[in-house]
Amino acid sequence: MEAMDYIISKYNYWMYIILMMIGFYAMIAKKNLVKKIVGMNIFQTAIILFFISTASKKGGASIPIIQNGHGSATDIINTAHYVNPLPHVLMLTAIVVMVSTFGVAIALLLMLYKKYNTLEEDEIISILKTENGK
Amino acid sequence: MTENAAALIILVPLMASFINLVVGLRWKEVCYPLTVATLGATVLLSFSIIQTVISKGTITYEFAGWAPPWGIAYVIDHLNAFMLAIVSFIGLVVSVYSKKSIEKDLPKKTAHFYTLFLLLVAGLLGILATGDAFNLFVFLEISSLAGYALIAVGDDRAPLASFNYVIMGTIGACFYLLGVGYLYIATGSLNMADLAGLLPNLYGSKVVLGAFAFMIVGVAIKIAFFPLHKWLPDAYTHAPSAVSAFVSSTMTKVGAYVMIRIMFTVFEPQFSTEILPASAMLGWLAVAAMLYGCVRAIAQTDAKRMLSYIIIAEVGYIVMGVSVGNRMGFTGAVLHILNDAFMMACLFLAVGAVEYKTGTRSLNSFGNLYKKMPVTMAAITIGGLSIVGIPPTAGFFSKWYLVLGAIGAGQWVFAAALLISSLLTAVIFFKILVNIYFGPQPAADLQGNGAAVISEAPVSMLFPISIMAAGVLSLGFLSGKIISSVIQFTVPGGF
Amino acid sequence: MHDAAKESKMIRDFENIIIKTVCRAIIPFIQLYGLYVIAHGHYSPGGGFQGGCILAASFILMVLAYDIKEMKKRMSEKINTILCSTGVIIYTGIGLLCVILGANFLDYGILEIILPADAEHSRSLGILGVEIGVGFTVMAVMVSIFLNIASAGEHEDGEQG
Amino acid sequence: MIWQLDFILLVIVVICAIAAISVKDLLSSAILLGAYSFLLCLLWTEMGAVDVAFTEATVGAGISTAFFIGAIYHTSRRTKD
Amino acid sequence: MKVLALIAVLLTTAMLGYATLDMPGWGDPSSPASTHVSPVYIQEAYKKTATPNIVTAVLADYRSYDTLGETVVIFTAGVVCMMLLRKVK
């Protein structure tokens, strides 16, 4: 029962591991280039899920926006009332990086399709082999 | 001005790249002089930084005026300053070189090319200067994205090589980010100096162990360390010659720098030697990398591919020097970063000039070329001798320190592997040199259908090549001075 | 057979008109919302990046409902490229302004010298300034990436994405 | 926060991820990826990360799906795995 | 290939799971992540920057240099797509 509690207390982390491995597997094992990019996306979002999980606080912590902020600047703010803002900041940056990588990967994909007229890695490799054979 | 030099060295190339894109809409011919001028300014800034560091010690620059654990700080010590100078200098030389080859390869996209080139340099400089683990990731991505695109505009195979590089590079960067996340969850900090203070109490923790493992694996993918090297030969072979010269000589070295930072600044040296046997593992993998790289290089007929495999071996040398964990080995590794950057830039630039003139990279086309391209061939000779490690050239000195380091640590196998791989490179380069000076002329040329008469490359290419060749020679003579004035201060405490 | 084809074309045209009219009506509101998200990032979730994406989404909607030519009348490729740079130049420019005034890079507190506000509020204004810069770049870049991907680099053909 | 709701969302997220990489039709894969992003965005809102959720909603579920469909429009839709 | 990929995935999973064992429980308010650096942001961000949204304050002021990097990443991606895909007549 204790082990069960232990596992449940971290279920978010176990889930991110599962997601990350789904993405990782797609990135290295799938032959289709689009599937690789889908895997890349899942892989990166899993890391973002991990970071956001580190930020959360149990016990009624609210979103990191100071409530009734206008005028109460001198009040002491209880840290336990707000979730940790730093991982959110980092992950905003990471999402941007993610979408940039995604755009670059898609651009390369279109270049490859124009050149080989297929998106399967093994077909591209066999085309390259026949080119070499000539 | 001088106190802001640490920030300006990144901001000058960044600003120039933004302006470059706009200017390139109208006046494409302005981009090249703008890039060269910017990188010239960067080199001057890097020299002023290195001077400040030598005279006054570590520079700390706090962005946005917030003290380090809360804000982002640049911390520049001897190692950073040294690497900044290397990267910006090679950036300048390669940008001078790139004019003709880019006009030939990418006539319509020069503005975009120089924008991305400046972004690549700025990204690498940002990685080197930063003292914040997450900021490093951001700049790593800037340089990687620019690098993917610059590699993709090479020859026919380049897009596929670049796509594989995107996949591998993303895995590497994400592993690094995950490592940073683990460190964050264990300590609550992102600043490297702060982490170094907090971590020693947590060395037993499994989270910290995982963080170390993931960061090192992530960086190992980025530097193409032995079992994870698959992307490198393709990517560097098919890139445009100017790009492969810059990328090969700086990107893997910057990755090696990040590895050194993680192992010796963020973590204490004892962590990787005693608590986790990472050093020993890295050392044995480095041995495998040296032998594998050289053996594969022998079989290649494509000059750039052969050099790419040699890079894998050179990365092995650097990691081996880092992993033996003593003063000599570390000095050798840092010196080898410098020498290897110069050697690789010299050889790739020279091969690029040959490709520019003859249109092929095949090693057979080098036959008897010294009559037609004497300066380029002299550069290849010097670079090759330096890679083999023949005394007056730079490569000898770093290998000497590496061997001493390996022997000092009692690792005879490492020293033997280094010597064997040097012998293998000697086989490769003597074959090439014999071909250059005494070999038969390539058949196409004899039959007269080799289109144009092959002559020496244009001055804008020759000048950088000869600078690099002279650099390789003079670094050999200056190595004692470089060690006494810079490198000896980079050695981490406890060695 | 012929009639059926004609009828389906008529339905398509009719649907097209509905889509175009609805888009014409809602695009200004989407853009207004994007600007609101950028400007109100201090008090609610949002900021330059999200607002820029929403602005870009309005242009993407325009491409989808009309075609690329129609969108290019509003924002030509040249202006788009200039906007890409303008955003980052605004950002670094604000940072360098702080350096010129004698503080570290991006230390907005020093802007109180030239702004009619105290240090805290000049920090707030500095944040607004950089968010606007981020918004510009994100909008321009997202639109440009979408155009290049959706038309595979051939904008001039006016191909419908 | 209600952990049951959280858990159900996470399970659906994992199902969406597996479906996105195993479905044979790339357009479905793109849409499933959008759904995956949107569910994650719900999850993050629930954890209190409103800014990140907003960004993910505009980027992951919006812009990148548009990129994806734009790319698939120009390439093939079917795949072998 | 598939077998190799599975082995790599399983190894990584093992490493990830091993590292997770020592992590503080999910949502623990006394974990180092919530107690070392971030309390200062929560307490001071509003006073020092007059911005109630702490995430915006940290994003664009305390860690504004990261955000500059982020914007440059986006800019880079835009230039990359222009260079790789745009056809110039």
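Some observations on this one:
Order of writing sets the labels: A, B, C, D and E. Residues in every chain begin at 1.
Assume a contact is a pair of C-beta atoms (placed from the backbone, for glycine too) under 8 Å apart; a residue touches a chain by one contact, two chains touch by 3 or more.
What you are looking at is a predicted structure, and each value in this text was computed from that prediction instead of being measured.
For the pair chain B and chain C, chains touching both partners: A, E. The minimal number of chain-to-chain contact steps leading from chain B to chain E is 1. Distances between chain centres, each the mean of the C-alpha atoms, put B farthest from chain C.
Across the two candidate interfaces, C-E and A-C, the one carrying more C-beta contacts is C-E.
Each chain's centre was taken as the mean of its CA atoms, and the one lying most distant from chain D is B. For this pair, chain A with chain D, the centres built from the Cα atoms lie 11 Å apart.
The distance from the centre of chain A to the centre of chain B, each centre being the mean of the chain's C-alpha atoms, comes to 29 Å.
The distance from the centre of chain B to the centre of chain D, each centre being the mean of the chain's C-alpha atoms, comes to 38 Å. The distance from the centre of chain C to the centre of chain D, each centre being the mean of the chain's C-alpha atoms, comes to 23 Å.
Along chain A, residues 11-12, 24-25, 28, 53-56, 58, 61, 63-65, 69, 86-88, 90, 92-93, 96-97, 99-101, 103-104, 106-111 each make contact with two or more other chains. Counting only residues that touch two or more partner chains, chain E has 16, 20, 23, 31, 33-34, 37-38, 41, 47, 50, 52-53, 55-56, 59, 61, 63-67, 69-70, 72-82, 84-85.
Residue positions of chain B touching 2 or more other chains, listed in rising order: 14, 18, 21, 63-64, 134, 138, 141, 145, 148-149, 152, 184-185, 190.
Chain C contributes residues 41-45, 47-49, 81, 84-85, 87-88, 91-92, 95, 105-106, 108, 120-121, 123-124, 126-127, 130-131, 133-134, 137-138, 140-141, 144-145, 148-149, 152-156 to its touches with chain E in the complex. In the complex of the two chains, the chain B residues touching chain E come out as 14, 18, 21, 63-64, 66, 69-72, 108-109, 112-113, 115-116, 119, 122, 126, 134-135, 138-139, 141-142, 145-146, 148-149, 152-153, 182, 184-190, 198, 205-207, 209-211, 213-214. Listing the residues of chain E that touch chain A in their complex gives 1-2, 4-6, 8-9, 12-13, 16-17, 20, 23, 25-29, 31, 33-34, 37-39, 41-43, 45-47, 50, 52-55, 58-59, 63, 66-67, 69-70, 73-74, 76-78, 80-81, 84-85.
Interface of chain E with chain B (complex): residues 15-16, 18-24, 31-38, 40-41, 61-66, 69-70, 72-73, 75-77, 79-80, 82-84, 88. Chain contact summary for the complex, chain A toward chain B: residues 24, 27-28, 33, 36, 40, 43-44, 47, 50-51, 54, 86-87, 90, 93-94, 97, 100-101, 104-105, 108-109, 111-112, 115, 124, 128.
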